[in-house]
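Below is one structure, written out as structure tokens, with a few remarks after it.
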Amino acid sequence: MMDIPSSTPRFELVTLGRACIDLNAVEYNRPMEETMTFSKYVGGSPANIAIGAARLGLTTGFIGKIADDQHGRFIRSYMEHAGVDAAHFVVDTEGHKTGLAFTEIKSPEECSILMYRDDVADLYLRPEEIEESYIRDAGLLLISGTALAQSPSREAAVQAIQYARRHGVKIAFELDYRPYTWTSPAETSVYYSLVAAQCDIVIGTRDEYDVMENRSHGSNEQTISTLFASGASLVVIKHGVEGSYAYTNTGETYRGHAYKTKVLKTFGAGDSYAAAFLYATIRGKDIGTALQYGSAAASIVVSKHSSSDAMPTVDEIETLIAQQPVIPS
Amino acid sequence: MMDIPSSTPRFELVTLGRACIDLNAVEYNRPMEETMTFSKYVGGSPANIAIGAARLGLTTGFIGKIADDQHGRFIRSYMEHAGVDAAHFVVDTEGHKTGLAFTEIKSPEECSILMYRDDVADLYLRPEEIEESYIRDAGLLLISGTALAQSPSREAAVQAIQYARRHGVKIAFELDYRPYTWTSPAETSVYYSLVAAQCDIVIGTRDEYDVMENRSHGSNEQTISTLFASGASLVVIKHGVEGSYAYTNTGETYRGHAYKTKVLKTFGAGDSYAAAFLYATIRGKDIGTALQYGSAAASIVVSKHSSSDAMPTVDEIETLIAQQPVIPS
Amino acid sequence: MMDIPSSTPRFELVTLGRACIDLNAVEYNRPMEETMTFSKYVGGSPANIAIGAARLGLTTGFIGKIADDQHGRFIRSYMEHAGVDAAHFVVDTEGHKTGLAFTEIKSPEECSILMYRDDVADLYLRPEEIEESYIRDAGLLLISGTALAQSPSREAAVQAIQYARRHGVKIAFELDYRPYTWTSPAETSVYYSLVAAQCDIVIGTRDEYDVMENRSHGSNEQTISTLFASGASLVVIKHGVEGSYAYTNTGETYRGHAYKTKVLKTFGAGDSYAAAFLYATIRGKDIGTALQYGSAAASIVVSKHSSSDAMPTVDEIETLIAQQPVIPS
Amino acid sequence: MMDIPSSTPRFELVTLGRACIDLNAVEYNRPMEETMTFSKYVGGSPANIAIGAARLGLTTGFIGKIADDQHGRFIRSYMEHAGVDAAHFVVDTEGHKTGLAFTEIKSPEECSILMYRDDVADLYLRPEEIEESYIRDAGLLLISGTALAQSPSREAAVQAIQYARRHGVKIAFELDYRPYTWTSPAETSVYYSLVAAQCDIVIGTRDEYDVMENRSHGSNEQTISTLFASGASLVVIKHGVEGSYAYTNTGETYRGHAYKTKVLKTFGAGDSYAAAFLYATIRGKDIGTALQYGSAAASIVVSKHSSSDAMPTVDEIETLIAQQPVIPS
């Protein structure tokens, strides 16, 4: 349970980073070469988390740069209809395009993404485009790791963190590691370490923490020891179907279990997890319950065709928790 | 009627330039923001011309660089099935992506394209990747103007022209002007002039010739005067629904008329025109007939949803010529 | 007086950043257009500080990337002869050049620099080229602000800081702001704030602190309040001929005065100041005395033709302090 | 003897390309690491040729882009004083720097250059900055091969050629091959071939023609056969101390011999050769004499410290021809 300021923030959650287009294979269980039709959805981890959080009922804002074209306008319109505040969408004026993700679903176990991420609009968010008062009025600021991959988006994310710290706003860091936007593992490690050291909550998979630490097969104990020393209060480490762990700087450890489900594809699991976990935490549920919210939301999204569109409601999550068996450890 | 070498060439036509992916709106007559599904087709002017020429029965080759991903493999496979020789597809090894064109069809009169052309694979074809013997064995080499837009594709196109001239292979230049890949009008004018001065056949719209001449409202007389002085033998200038003109360096002028048709979208008209006009010319039809082949093929493609897939057969063209009234001048 | 670890470090000071070539006008007191001969010197703030510190007797190391050419080899040779350990000079292998500074001395009050800083070798130092043990064995690590201006040098500097903090090595930050290498004031402010928050000692001019704070006419009180809150223990703020101030996190304030001197040019003043101030601090002199060491060293360098070559000895400094009047406040 | 238009042109010679700064070792016969002082001169092949031609008495103009800084202003001032028309110097407005060449003279046989050519101002000359009337009024336009190395300077050079051809102005091409500014040998070959095919006079070393032909050990016979076929009338091929050959499209061959001299360094030989050869040709001397003018001028420059400053007068050339023995073949 987070230590939330008593006064009600304007937005319970503000996420920062990319909002993109997913082009999901309509004909699936085949290689993409044989897919002839694609469905369009909003995508990108922090956009998905904002949409998921809004669907769960959090007051939610989003900070990001979108292209001045049909795809950019679709993203804005979709997110506004989903209940996300769009006042801090910054429209690109330099001709940058919207990032694209063509999804290939060969089988539930073999999913891959063909990415268009060169010179995309979201990576051109600039530090002077971050409005201090929008950060100041947030209950929690979530930074997506991919926003750190290139300049000037990298500096915009750090600027947002500096504003949040100045005003005592809590910060969550979703590691969201996407190798293709980074120059080298050493570069990723430098920025992930730098940012994690300034955040209250860190969420990622075990593999992502290894990237942050620039090592292989790191241990959760080492990870939390470093992060608690630099000031984090809550660290979530996900281990796939084996479930997830939450550690607090007060010494508690919680374990969450994954739910059995019929997997259509693996995309979107992490985003729905983060949205539901943060929802539960912000709304004062205990950490063990928050972990199950995360697992349940992930389980729902992987069984459906889209990521953003499939973000569940509280009812859907609670129904699944009540009815569905977990995968035993 | 072209002066074709008497020995049969290995390929009657070899086109050089880009092969891309068109993502055509499935739900159309609306802004793209409201289109939720897209169909995938091969696109790009020289790829479309090669597909169109092969469908008409010409032996056809293609020179271009394609991405090493699902889209690149789809392009190769589609073109091979369409009868285009794929021996000189060069596969990119530096991670460049396939160019994309999302088509928006608001109405038959309001069509636009949202392009992804930054750092695309086709613009990375290098001069040392052009095989001299492949050019030498062609009956006609067609250069697409867009291949000149950036280095090293620009140098690859010039290299192909130098090989063709060394071996007496005729060269056609399809102006195919796409402003977004060029730095400035002055740059386009420099390269269009340079290449047109080395070609036998030049095909373009009146607007494209104005770009070549870096002027507004140029006249056909000035255009042909310059081109014939530098060695061209046949110049085709298209004036939209008003029809097209063909001029020869022996002083003849031909006029072609457009056919009445139910237009779905305007994309692909120029490519099908070029394929059918060159087919007729190569196969020894007179220039007046060749112009009507071009018009008929364009008319067929604009009434259908795709460009490459809709390329007509000889039967379809001849049926339309026999049955359909032209738009009077 | 710094709290230095009791065990003797391998190097009392290690500086990180650029080493360049100064080309100083042989004929001066005129515009550079009329200067026909230039003398070559090693330049660049952290290189000058290392040379100055070595001349004062500190065991000194340097971390930086130098070009694989005649200028790079001259730099290495010169610094080795000056007593700087050159084991962590990294030689560039990608053809980058050595940064150049042509100095123009129109009059003692009108000095300017014509910089060659595009794609220079020093900005290509990579984080994976920083050796953890070299940092671990240092008594004090000095980071030059210019090393933060571009990637990957920026990440290399942050990596060095992360290693220093891991091993309890003290860190000094010389702001060394050079506008031409930065994209925007917002970008500079983000990184200067980020790095200053991780350092023990911060040294700069009042103007440089204003850059860090992205404001005009900031006050020393605000500056030290922010820096002490984030963990700094000693902050030096220079006000030109009005002298300099040192503030400690234990509440003490010291004032240093500038010495009267015959100024030939203004270059190199800050570097000699930093070298002498840090020498005095490391060797246990009180802060008031360290400020006068800095002022005296600056006074000596501005009266001479070069920066690196003119770095004074302890005797020269102490003689000047004993004999020369200060500029009264 | 060239076929020069009867009306007197405004400038007998206009050269196009780079104007740079040479920084020549004051202390020589040693590695540059040990050279501590450098003298400043104007450099760059087409600037040197313009200066040399003006010194010989030709009315001379220059087209090039120079940096908006002390080095750029020095270049302009020096060339104007040397008698070169500076009306078509274009001043860069985007912060590009002047190219630099530090010369290293280890011995007369071991000379090398440390080049600063990244993003230099001269390579940013744009085609729209070429004034048609300035070309139209020239007697001869000389294009330097290095101007073709990068865009937009490449397009500016081609634009100048197109203007010259439109107005019947003769064109000379000095191959001036500098590998470091080119991407690949294939790229150089494409543009050298393209431009040579449009010029009247081509001048280069045997090695440079091999670069143009993208082969090793090419023969003069092949070279002239290709160039005469595309329209050249005069081809000069230099073979170092073995002398040079001039070939005309009317079937004549001339041989020039090098003069014995005391060589200080090899820089500048080609530029003085071109200036004197073109001077003699423009002023109606026979080709055999023009070759000796070229050899004599080269011989004078290699015996002196600079290139531009050492360009000889007609008297100096004629005195040397009268007194100095040639190197026998």
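As written, the chain order gives the labels A, B, C and D, with residue 1 at the start of each chain.
In this text, a contact is a pair of C-beta atoms (placed from the backbone, for glycine too) under 8 Å apart; a residue touches a chain by one contact, two chains touch by 3 or more.
The chain list, named the UniProt way, goes like this: A, B, C, D = 5-dehydro-2-deoxygluconokinase.
Note that the structure is predicted; figures quoted are calculated from it, not measured.
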item	value
Third chains touching both subunit D and subunit B	none
Relative to subunit C, chain with the most remote C-alpha centre	B
Inter-centroid spacing, subunit D versus subunit A (mean Cα positions, whole Å)	60
Distance between the centres, which are taken as Cα means, of subunit D and subunit C, whole angstrom	44
Touching two or more other chains - residue numbers and ranges from subunit C	none
Chain contact graph, described as a line, ring, star, complete graph or other shape	ring
Interchain pairs in contact, sorted by label	A-B, A-C, B-D, C-D
List of subunit D residues in touch with subunit B within their complex	126-128, 151-152, 155, 158-159, 162, 183-184, 186-187, 189-191, 193-194
Contact set on subunit B toward subunit A in their complex	23, 26, 31-33, 35-40, 69-71, 73-74, 77, 97, 100, 102, 104, 114, 116, 118-119
